[in-house]
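In the two complexes that follow, chain A is the common piece, with chain B as its partner first and chain C second.
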Partner chain A sequence: MAAAVQPKNSTRLLKRPRRARQSGHTLLLVGPYFIALLLVGALPAVYALIQSFISPLGGGFAGLLNYQTVLTNFRFIASFGNVGLLLLVWLPMMVVGVVGLALLIDAARGRFGKFMLFIYYLPGALAGMTNFMLWLLILDPNVSPIRFLWNATGQTSIDGILASPMHVVWVLAAMLFYQGAGSWLLIIYGGLNSVSDEVIEAARIDGCSAWQMAWRVKLPIIAPWIGYLVLMNFAYGFQIFLEPQVLATAAQGILSPQWSPNQLSYTYAYEVGNTGAAAALSVILLVITLALGVLIITKTGMLERS
Partner chain B sequence: MTTDTAAQDAAMPTQPATPQSRAIKEGKFGKVIRTIVMSVVAIAFLYPILALLLAPTRTEHSMSLGGIAVGSLSNVQFAWAQIVGFDNGMFLQWFSNTLIMVVGGAVLAIILSIPSGYAMARLRFSGRNALIFATLLLMVMPNTVLTIPLFLEVSAVHLLNSFWPLILIFGFYPFGVYLSFIHFKTALPMELVEAGRMDGLSESGIFFRIAVPLARQAVALVGFFGFVAGWTNFFLPYVLLPQTQSSTLAVGLLQMISSSQLINPEEGLNVQLYMPELALAAVVTMLPVMAIFIAAQRYLQRGAMVGAVKG
Partner chain C sequence: MRLKMSALLGVVMPMLLLVAGCGSGSSTPSANTKTVQAGPLQVWVDAPRVSAVKAFEKAYPKIKVQMNIINDNIGNDALRGKFELFNKSGSGWPDVIFFPTNSDISWASSSQIGYTANLTNLVPKSIQNGYAPAAIAACKVGGKLVCLRNDDAADVLWYNAKLFKEWGYTPPKTWPQYEALGLKIAKQHPGYYVGIIGSDYTFDRYFWGSGCPANQLVGANKVKIDLTSPNCTRMVNLLDTLLKAKVVSTVGLFSSQSKAVAQKLVMTPGATWYGEFEFKDAWNIPAGQITSTTPLTWPGFPYTGDEGGGLWGMSSHISGKMQQNALKFIEFVTTNPKNQVALAPTFPAYGPDDNAWLQKNVLSSNYFADPAQVAASFKQAIKMVWTGHPYTQFDPDGIWDTTVVPALEQGKTLAQVWPTYQKDLVNYAQLYGYSVTQ
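Our next item is the complex of A and B:
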């Protein structure tokens, strides 16, 4: 940035010889990261792409056979249906819940608001398995801290609670919301903080009420952050693995072990040992995620800022 | 964000910002409702955490009464003895495995992220834009999408159950690179870099002698976030470390749950694993992360806002 302040011709004079001297140093600074990027980011994707065209039986070129195996598996459509339903429940929950709480905190400035922000952030520390354990405790009517609620609704076992597929979706959405709301709250709240004081002041002078301020002034300004939240969580949600996988362990025989696409991919790779099909499904997921990723970094203005 | 606000501040130096300037006139009624709603949500968020934290102090019988209650320390000791007794102290083995891999990964993440973030922020080189694009792309993609491809790759080179692939994978941390990139772009005064050049320092000399000593905050952030990301990762160790002895805490916890009497009443375990014991295992599993969350709260919150990328 400061380079732009310098007169143009002087940078040009300096640039060429410096660039030649720089290349060695640049390599030293960026090289190791670049190698890691190739090994961990690029190579597995390329390897999966190659494997997806290799026959699981003979080892020769298989054409689109592996893709056909995956696409015609009845669990394939079902697993996308499951995560689709989950996203339909969970994303609105995230948008309404997180944006609502952020607006409340923003309106209640001062100590109380800051303290509340900290409390809402705490469940994020229980990521992954510990969050699951917490939910196992909640969902087991025999030991649950909300036992009275389960009793009132006539639930006596975790299997009973998860018996309906729609209940599974609600439980997963609640687990994801509880775990993820806090850090997204910080992001949205950060966005609200960037609304300039002058805008707030102007709206106030125009006689804006607190409610109108939130709905007509703040919300439109933070719309891009909300878009970022939706896209990032969309990409995350349809990749879900841990939660349905461990829920299936806890409620055996109730949940399909191939509830989500990633679980299906895991089954191919691990239990069936069909490398080709696992690779093909990975490639399908990768293509969708890459498209979402490009959408996120181009549409939310992430690249321009960099 | 930093640059924007700085620009705004510079543009309006005469206008003093009063703390009350953003407060909006609203009825008392609105304020009461708001406070009640926020408090109810806070209780709903805290109640389950409290229930989980207190569960190890209770007996199985006390748990069956539901609600939350404070038990005794001797129950915690009993529960801990059960956890350590499970599979001859396997829990401690998992703890040390996790520590080795996650600390190794976090250190590697710092070593890889800080210099590359600096180079991308401050140097001009061919392929720079492509590298930034790739870093952003890998940052926004959930890492689960690469897990099965990584499994295929690692098993092709016969390195399943080895710690090295996990350390390398945890060490490759695009978000850390991005944090470092933003840090050097916004928080490193260009005058210092120029002064270093005048004094005849090479580009890597400037990095090591000037940029790194001023980047303590970025190093801490990358380390914290890298540690938390590795510690809570489940899918990767689940597929790359199939052997019980080389497993991590997160995966081991699932194994404890599935072999507990809670799920499998028939299985003849040498220890009792019911809700209090499993809750204790889950809490101990998360202790390092909770400690970081609370101790480095300010740091992490700032970092998460940078992560919002809404610069």
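Our next item is the complex of A and C:
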């Protein structure tokens, strides 16, 4: 027993200097990111937290007044309802769509698969704003290349298309899907590539069909990647700002300027001039996103397994 | 673990203190006693006003001007945020600004922002008296003159004189006559329109001149919002009747579909700038068809509405030579014929420039069917704008677009969406810190 412990200790002793050197390198690598994280992530968050307790009028300690202001705002529940609906529509679309396409490409390894991967990636290659400009063209029945479809459904104006709140949700979900699906497809496909050939071979020998291979073998292995997809897209969708803002401009203000909670926060900061309330709303958004983030990470075991 | 925690605290604590320092420093209202006295004149304008700045530089070559062109989208909501930040940092304000949206004057002149200078004793009385009271009313806030009006955008009645002649109609003078003619057109010439009530300026076009209290100021930061007033409901009934008869369209004034509707537009109330900018430029109606006449009114209520018409403000953070130069600037751009007659495309709010402008832009133009009648209607309308509708930080017209237009698009009537509109107006008024009586 003692003899068995001895060599273990000695290797640990030997490894120490190397580990110190390693941690030095680690610091060098992580340092710049850590500094950036502090400056543009942590510092503003702490600043928001402090501002959220400062009175918009006198500048003194306001207690929970700003939180009360925000929680009782007439757009608060409506705006959270909007992003809730959007996430309900868009996230499943994203998970099923992206994972489904990745599995299809993975099943068709070779030239055809690579070609299709490229095709699927194309819409994502257009940078965010360009993508939305294209969408605005598609949505306007007067200039749209799919005008015949709009005409067939009796739509004559972008205002008309966006007049129904549910249409806005579908339009935003479609916009976000086409913008993000391409890049996420690459990530999920990368995950599938990491499934070792031995595992696939073994499953095949055991008589797995293509469907069973995807459902029973590949999916459980890439679960952390899917968790990552859900986490990142949830955070983006929950804090959505740009897309409804641009859509509102294009549709001559038919969308509420406070469609999403983040837009409500923007209204408080830049139109009403109540930075306390804006900060309080940001803190609420941060807490919810963090809580759900932790939940997703622990449930999928993302950090341990990847 | 303990080590990590203390390291983390070591990093975070100084940061917290730093931020707390910033926080308390910036949250105290800045003392705006310090004023700028020298340097080039900082002027913020939208793109159409660049020629006015150039004309000033030519007329006053000794005054150095630094021009900054700002986003002229109506409802450019980032502007106020900039002024909040200038107030916090105690510098950065423009010396003169052309407000992209008229309602900007409400926050710019508020005690919270306190940007606009009190011009009551700075601008000569001779200039102040050159404005018709209705034309300068938007610049009178709390008894002080806080801006100078650039152009006037009073509503007149525009109509297609060619169609009127062909069909044997005479232009209506009152709203009930307008409604009756609208119904007649619905029967005799289906497919034609007598108005547009989608996004942009619809509230101003139809309800301002009707005296509808959607944001009536009854005290400092106190508004009365009562859409159940007969002054509002008479117009709701009129428009619902015309909507049912399919003679008013729900397209937006500036939308891409408005051009198609305009080809079938027999008449519409509209601002003085509709002739040049809508009928001629945006809708391409051929010359010799369009003309305007005196505004539509309700019996016993001889007022009209107003759709825009820009405002110039001057900084309260300047003094001495700087202030004198800024004054020269706003007086030049609003009153001098070198700008208002020679360059300005819109009808000057400053009365003494009106005749020369009308001569150049209306009487000498071959676009209008009856130029003399157009000129007379402009001069008449400018005096008739109802002064009971102020600019407030919440804009009934913008809220019309987000609340009423989607309902109309879904086939609802105005009467059906009216309670929601009232509720939204109250909500937005409260969001901007007004106390509301209903």
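The working rule: the second predicted complex is superposed on the first by the 252 of 306 C-alpha atoms of A that agree within 3 Å, B and C clash if a C-alpha of one lies under 4 Å from a C-alpha of the other, contacts with A are read in each partner's own complex, and residues count from 1 in each chain.
One rule holds in what follows: a contact is a pair of C-beta atoms (placed from the backbone, for glycine too) under 8 Å apart; a residue touches a chain by one contact, two chains touch by 3 or more.
Note that the structure is a prediction, hence the values are computed from the model and not measured.
In the overlay built on the shared chain, the residue A:Leu43 is in contact with chain B and with chain C. Look at A:Val199: by the touch rule set out above, it reaches neither chain B nor chain C. Once chain A of one complex is fitted onto chain A of the other, the partner contacts of A:Val143 extend to both chain B and chain C. Of the two partner chains placed by the overlay, only chain B lies in contact with A:Ser23; chain C stays clear of it.
Residue contacts after overlaying the shared chain place A:Gly160 against chain C, while chain B stays out of touching range. Of the two partner chains placed around the shared chain by superposition, neither chain B nor chain C is touched by A:Ala223. Contacts of A:Ile77 after superposition: neither chain B nor chain C is touched. Look at A:Tyr270: by the touch rule set out above, it reaches both chain B and chain C.
In the superposition on chain A, A:Gly253 makes contact with chain C only, while chain B stays out of contact range.
Ranked by how many residues of chain A each touches, chain B and chain C are led by B.
Taken together, the two complexes place residues 43, 47, 51, 140, 142-143, 249, 252, 269-270, 275 of chain A in contact with chain B and also with chain C. Partner chain C is touched in their complex by these residues of chain A: 38, 42-43, 46-47, 50-51, 54-55, 59, 73-75, 140, 142-143, 156-160, 162-164, 249, 252-257, 267, 269-273, 275.
Within the complex formed with chain A, the chain B residues making contact are 1, 3-5, 8, 17, 19, 21-26, 30, 34-35, 37-38, 41-42, 45-49, 51-52, 55, 63-68, 111-113, 115-116, 118-120, 123-125, 131-138, 140-142, 144-153, 156, 168-169, 171-172, 174, 177, 181, 185, 190-191, 202-204, 207, 228, 232-235, 239, 249-250, 253-254, 257-258, 262-263, 275, 278-279, 281-283, 285-286, 289-290, 293-294, 297, 301, 304-305, 307-311.
Interface residues of chain A facing chain B in the complex, by the touch rule stated above, are 1-3, 15, 19, 21-23, 25-26, 28-30, 32-34, 36-37, 39-41, 43-45, 47-48, 51, 101, 104-105, 107-109, 112, 116, 118-130, 133-134, 136-138, 140, 142-148, 178, 183, 186-187, 190-191, 194, 196-197, 200-201, 204, 208-211, 213, 224-225, 228, 232, 235-236, 239-242, 246, 249-250, 252, 262, 265-266, 269-270, 275, 278-279, 281-282, 285-286, 289-290, 292-294, 296-297, 300, 302-303, 305-306.
Across the complex, chain A is touched by residues 11-12, 15-16, 19-20, 22-24, 27-29, 73, 75, 77-78, 80-81, 84, 107, 112-113, 198-200, 251-252, 254-257, 393, 398, 401-402, 405-406, 409-410, 427, 431-433 of chain C.
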